[in-house]
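Next come two complexes built around subunit A: one with subunit B, the other with subunit C.
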Partner chain A sequence: MLVYDNRAAVGQNPGLHALIVGVSNYPRLPSFPEKTSLSGPPTYGMRQLTSTALSAYRMYEWLLSCRELLPVPLATIRFLASPSGVETEIEARLSGFGGAATLERFQESAIQWRDDAAQHPEGVTCFYFAGHGVERNKGDQVLLLEGFGSPNAAPLFHAVDTHTLRYGMAPSARRPNIARRQLYVVDACRMLPAEFQKIQTPIPTAVFDVPLPGIDDRRAPIFYAAVPGARAWAVNGEPTFFCTALLECLNGLGAREPDELLGASQWHISSHSLASALSDSLLRQEQRRLQMGGHPADRLNFQVDGAGEDFILTNLSGAPVVDVDLIIDPAGALPHARVTVIDDETGQPVRTFEPPLSPHPYRDRLQAGMYRVRADFAAPVAGYRSRERAFRLVPPRIPPMKVRVV
Partner chain B sequence: MSKLHFDFQFRSGEMSNVDLPVEVRGLRETTTPAQEKQRGLTLIQRSSVSRSVDVDPGVYWVTARLPSGHELSARVAVQSGRDVTVVLKPDPEDVSSNEDRELSHFIGGVSLSTPWPELDAADPDAVWGDLQSLGGETLDMRLRAFQGNLIGRAYVEQDPASWSHTARREGDGVTFEVPGRDAVQWLQLVQRGHPPLNVMLPAYGQSDCQVAVLRRESEAEGVPITWTVEVYPQNRVAHALLRYRDRGDLEQAAAAATSPAMDGENLLAGKARDPIGAVIGAYSLLRFGHLDRLHDWTGNLMRRFPELPDGAAIQGEHFARLGKHAQALDAFLALKDRGLPLFTDGLAFALQRLDLYLQATTETEAVFSPELLRRAGALRHRFERWSPWVNFGGTTLSFTGFDPALPDAKPFTHELGLVAGMDLTLFLP
Partner chain C sequence: MPVIYVHGVNVRKDTQGDYERKEAARNELLRRIVLKPLAAKAENPKIAQMEIVSPYWGGFGVQFGWGHQSVPATGLQHLGPDDAMTPQSDFEFAVMVRELAHAEPGTLLQSLGADDGDLKRAAHRDLPRFLEAVFLPIILGEQGLPMDVVAENWTALGLSEALLLMASREVGQDATTQAAVGVASSDDEVMDLLEERVLEQYEVLQQAARQAPSTPIPGSLEPLGSQWLDRLREGVGELFTRARNAPQRAATLGLLGAYRRPIHENLTRFVGDVCVYLIQRERQQPGLIGQSVVDAIRSAARRHPDEPLIVLTHSMGGNIVYDVLTTFAKEVKVDAWVSVGGQVGMFEEMKIFAASNGLLVAPQQVRGLKPRVRYWLNVYDPADILSFLVKPVFAEADEDLLFRTGESAIKAHGEYFNRPAFYEALRDRLLQRLP
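Presenting the complex of A and B:
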């Protein structure tokens, strides 16, 4: 269902068209702590969720919040969600927002989304799904919609697959002007149910027709929240771990400096920088998952398929601010070392610390960029020497600014 | 204009000579969101260590991000008409303690990712509970070698002893060399309690590879030690490229894919051909959408190496991207006679395209004859024997099962002494 419509203002110009879907409420599945039923239609051990509709809503909020920074104007957002009671208590605006994430509504929204995307090759599309997922064969991905588990339908009738979705968005004779920059994010498990290996592989419903593609010159990465055969994870009543990591990257952890080769004249997040940052951000989420009792073998991981050439996802309002530790090695030099942090772009000192640097390590917050750190000794001190070192402070990996003075 | 040259200074010549990507940043006019102009740091060039770049006088920051995640950086001032060589070397804190291991320290092995999910993913208490082993841990394993076409069931088990003369202990594992042949080769790692792991080897024709069999300590308490396999293509840049992709570092992977060392035409020309380097480069160019760089050498790759499955998968996907679907299907169908691809990219491309072509529409019926579609359906059906057991999370194709023609996830429960193959524990202390 269309929840944001700026098409009149965008007119014939390229725009960004988003389809966001979150399914937590699966009425045919048991909820916690109910046991899964061994009789009735197969549900592959799944239960209702309490995090994925909220994740979809957070993605919607992010897109709205950065609409002035997107590479093309935000034109449309279509939003479908089947939230749980837990989520509507946390986020009341989710209640009745958009439409329920049923098969019919998904198909209707996807067809309209594709029609809008087909208007301009310089356009951008964004697809986000959070909910239950399975694989039929390792490597593919099926998205389960609200009606999944219905006793009156084939096992994957209330489901669609990402290959059909992505191939159906390819340039073709019927849609030669379809947007060439397409971002897909699938925040779901990729387990292969054991039942699928015993029966003829069930077939999901085709989300739309797929004409044979023409020259496929899209940049169309799919970010999967799990590697094939693995699970994605979430905490009750919170956005999923992957969604949290994704938003952290989109809000600055995936930041890159202006880039002449990419045509980026400001700090920005690109499809490739997002992938590079996600590894680090998910690692932090993994530490949290482990602290909550998660099993080490179920490590959070992700996969990018069909990366294509790099493209700008969003610009940033400036260089992000990063946390960095300032360290003098060895600590015995601290009483004698005067420490200066210099912005290497301007050559101007931004911090000066008379000895001793305290506390040590010194935790600072600096704008991302290039810096030099100088440790000076006003008078000669046996065993120590003045030293200067350069550092590039660009997320996601911020190394400590460690200067060795021996 | 002046030239910036680059020089890696590692302890080992082997690592210093790997042609990895470098980035050059300089001060340029940038735009704030309020459309104000200001000077700021801007990425202006991507290159590789072997390629110099032209720059105007000014101050530049040069960085190289290694597959391990280590970053080397240097700041350099360039004067008009004077060329500068930028030395990039690791910080003293990051230097590998062992020169011999520098390559694996800064590049690492190619991931096969969680090869034994069944045991690891299970509750460790269910496996060991409060039990303690009163004897030493078992390190037994066997390594079997195969070559041929799995899909066509035309394969044989080899004597892996031919590999053992190069075997040497390295850290907690054993490494050995596998020479390329004009046939697909794979190894099988067998250990009790785990599904045997089959790993396709990136060795073909004149391209050799290195295999490392390593001890893997589980992070979960009580889960016994297992063995895992890493493979290293002979072409170091190709190896680094796979590692960048494993780590999700797409910026560096995309840059490495366009390095001169990965130029497919060069890799396939002359006497010292490197088909595996060309295959890794071609998959990456397809993944990063650089179709213009593939020119027509994917055709050479397919024709010149008639037993190499990946040549067919690459040619098929290249045609498909160009909208030439009849030729694409023709190339994919050649996999029946060539076998399973060495890389998961190849199998993934084939599966996705066959699925697309088998969707019955008036368009597919107009492009493909009923006979072609029948053959496509038959090949798709054959792939289903392996695809559930393939680890699509890794770059090199691997799958589980003692009988490689009938894969499954059954743990091996028999006596290892009954299994032919190489016992690598003999190389351990």
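Presenting the complex of A and C:
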């Protein structure tokens, strides 16, 4: 369902068209944390979720929040969600927002989304799905919609596959002007439930007809929240681990400096920088998952297929703010060392710490960029000398600013 | 260097060959996992071939005139055919799978997909433990290899079981197999893969055993040829098939019905054997049971006067050996005594030993074993209700080693010696402590 429509303003110009889907409420499946049942209609080892509709909503919020910074104007957002009660309690606006993530509505929204995307080759599309997923064979991904588990339909009738979705968005004679920059994110498991192993090639519903082979010059990476055969994870009542990592990257951890070759005149997030930063961000999420009792064998991981050439996903209003530790080595010099942090571009001090620097290490938040750190001694102190070091603070990996004064 | 093994209570020879089969398996595991590394360390190949003496005293133990008919029946019946009765191993396997496959405690973490594939998950998370659980029917004595595999040759059967357990252990520790399990697509693929790998490794070990037998086998395995191997494959295949269905089967079993009788019988035999031993033993005379152990130890020491001596005891065997070393054969010197699943500490607390001094109580500790016993390792399992610590009571005990058999209180007591992991723990200690 269309929840944001700026097409009149965009007119014939390229725009960004998004389709966001989150499914938590699967009425045919047992609720979380209930155990799956061995009797009754098959539930394929799955339960209802309490995190994925909320994840979709957070993605919608992010897109809206940065609409002035996107490489092309935000034109449309279509949003489908089947939230759980837990999620609507946490995020009341999710209740009744968009439409339920049923097969019928998904097909309807997808076709309209493609029609809009077919208006301009310089346009951009964005697809995000969070919910249950299965993988029938390597490289496959099937997305399960609200009606999944219905005893009155084939097992994957209420499900769609990313193959017909993504390749149905390829340029063709009927849609020669379709957007050539397309981002796909699938936040779901990629395993084949045991019950499906008894079925000869379970077939999901096709989203689109796939055009015959021809030149496909899209940049259309598809980000998977799990590698083939593995699980994606979430915490009850919170956005999924992958969604959390994704948003952290889109909000600055995946930032790159201005890049003339890419046509980026300011700090920005690109498809390649996003992939690069996700590793670091997911690592932090993994630590949290382990602290919550997750097993190391289920390590959070992700995969990007069809990356192609780099392109800008969003610009940033300025350099992102990063966390950095300030360290004086050895710590014995702390009572005597005056510490100054200097912006390398302006030559102006941005921080000055009279001795002693406390706490130590000192955790600071600075805008990404080049800095120099000086440690000075007002009076000579045996064994120590004033030193200055330069640091490049560019995400995703920020080294500590450590100055050795011996 | 002789090794003396003194068995515990509730050990009887019968026409089923259980005693001989277990002895052969135990000796093989002892030789391959413990003695061979000791021989390599000492650069003395004779150690790997040294004599293992197992004095049998069960014949002097308690006899039940009515064959336990006084034990009440529970009236519970199991659901399923008789040939599906591996209750303890089914239960243990199901518990293992549940623990490993659903390791995340609480209910906060949720998977965005199917939550099944439990066997694969469990195997991926701890393959040695998983495979040990697959072979529980053998370890627990609930199911053996097909008898005609070795033409009713009990020693050869025990040897085959030992090699099979070692093969499963080695496969479980193999990094390539662990990686293969990690990328398998289904439970079935995992089980097929493991079955195949265990059989391959078994054949490797079996070939090596033929070329360099560590246990003399009456009647060679060789003539049995491929037919024998096919039967073995069937037996192993059956174990894997049982494991696949064990969690569902365990859920249908009446556990009390399955356990009541064994609990009663084991406890009554334990108490009975202890009573008979104590009645026979006097303060200065070992009695029939004690004498059989004294004779075995003295005889072994006489045959190998210049060699160190290792004594391995299980349960009541430890109490007997303690009496032997402190009262009836005080001249014997032991290089290492490993008491397993024993009550030596508890018996001394109760002042039951011939050498016990009723006035010696906490905070004092009992002394007098050293220097005749150079190293005393006591192995216990908290789940084994008949195993006790010794260090709180004996000042000269070197270590109480915790070894988790993973079994319930009912089964843990008898299950140390069927597990390769137990011998590995033993090997590591003895490698440190023996020259």
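Just a few scattered comments:
Note that the second predicted complex is superposed on the first by the 378 of 406 C-alpha atoms of A that agree within 3 Å, B and C clash if a C-alpha of one lies under 4 Å from a C-alpha of the other, contacts with A are read in each partner's own complex, and residues count from 1 in each chain.
Following the convention adopted for this analysis, a residue touches a chain if its C-beta (ideal position, glycine included) is under 8 Å from a C-beta of that chain, and two chains touch if they have at least 3 such contacts.
Since this is a predicted model, take the numbers as computed values, not measurements.
When both complexes are superposed on subunit A, subunit B and subunit C clash. Touch criterion not met for A:340: it reaches neither subunit B nor subunit C.
With both complexes superposed, B is the one of subunit B and subunit C in contact with more subunit A residues.
In the superposition on chain A, contact is made by A:229 with both subunit B and subunit C. In the superposition on chain A, contact of A:275 is made with subunit B only, not with subunit C. In the superposed model, A:177 makes contact with neither subunit B nor subunit C. Applying the stated contact rule after C-alpha superposition, one finds that A:251 touches neither subunit B nor subunit C.
When the two complexes are overlaid on their common chain A, residue A:212 makes contact with subunit B while staying clear of subunit C.
By the document's definition of touching, neither partner reaches A:102: not subunit B, not subunit C. Residue contacts after overlaying the shared chain place A:367 against neither subunit B nor subunit C. Of the two partner chains placed around the shared chain by superposition, subunit B and subunit C are both touched by A:192. Remark: of the candidate stretches 55-63, 91-99, 253-261 or 415-423 in subunit B, the one overlapping subunit C after superposition on chain A is 415-423. When both complexes are aligned on chain A by C-alpha atoms, subunit A residues 192, 197, 229, 295, 297 touch subunit B in the first and subunit C in the second.
In the complex of the two chains, the subunit B residues touching subunit A come out as 25, 27-28, 30-33, 39-46, 61, 63, 69, 71, 73-75, 92-93, 113-114, 117, 120-121, 123, 218-220, 223, 247-252, 254, 287-291, 320-323, 325, 344, 347-348, 351-352, 355-356, 359, 361, 363-364, 367, 384, 387-393.
Across the complex, subunit A meets subunit B through its residues 68-69, 137-140, 163-164, 167, 192, 196-197, 201, 206, 209-219, 227-230, 256-262, 265-266, 271-273, 275-276, 278-279, 295-298, 301-310, 315-319, 344-345, 369-370, 372, 390-392, 397, 399, 402, 404.
Within the complex, the subunit C residues that touch subunit A are 103-117, 121, 124-125, 182-183, 185-188, 248.
Per the touch definition, subunit A reaches subunit C in the complex via residues 32-33, 36, 38, 44-47, 49-52, 130-134, 187-195, 197, 225-226, 229, 231-236, 240, 289, 292-295, 297.
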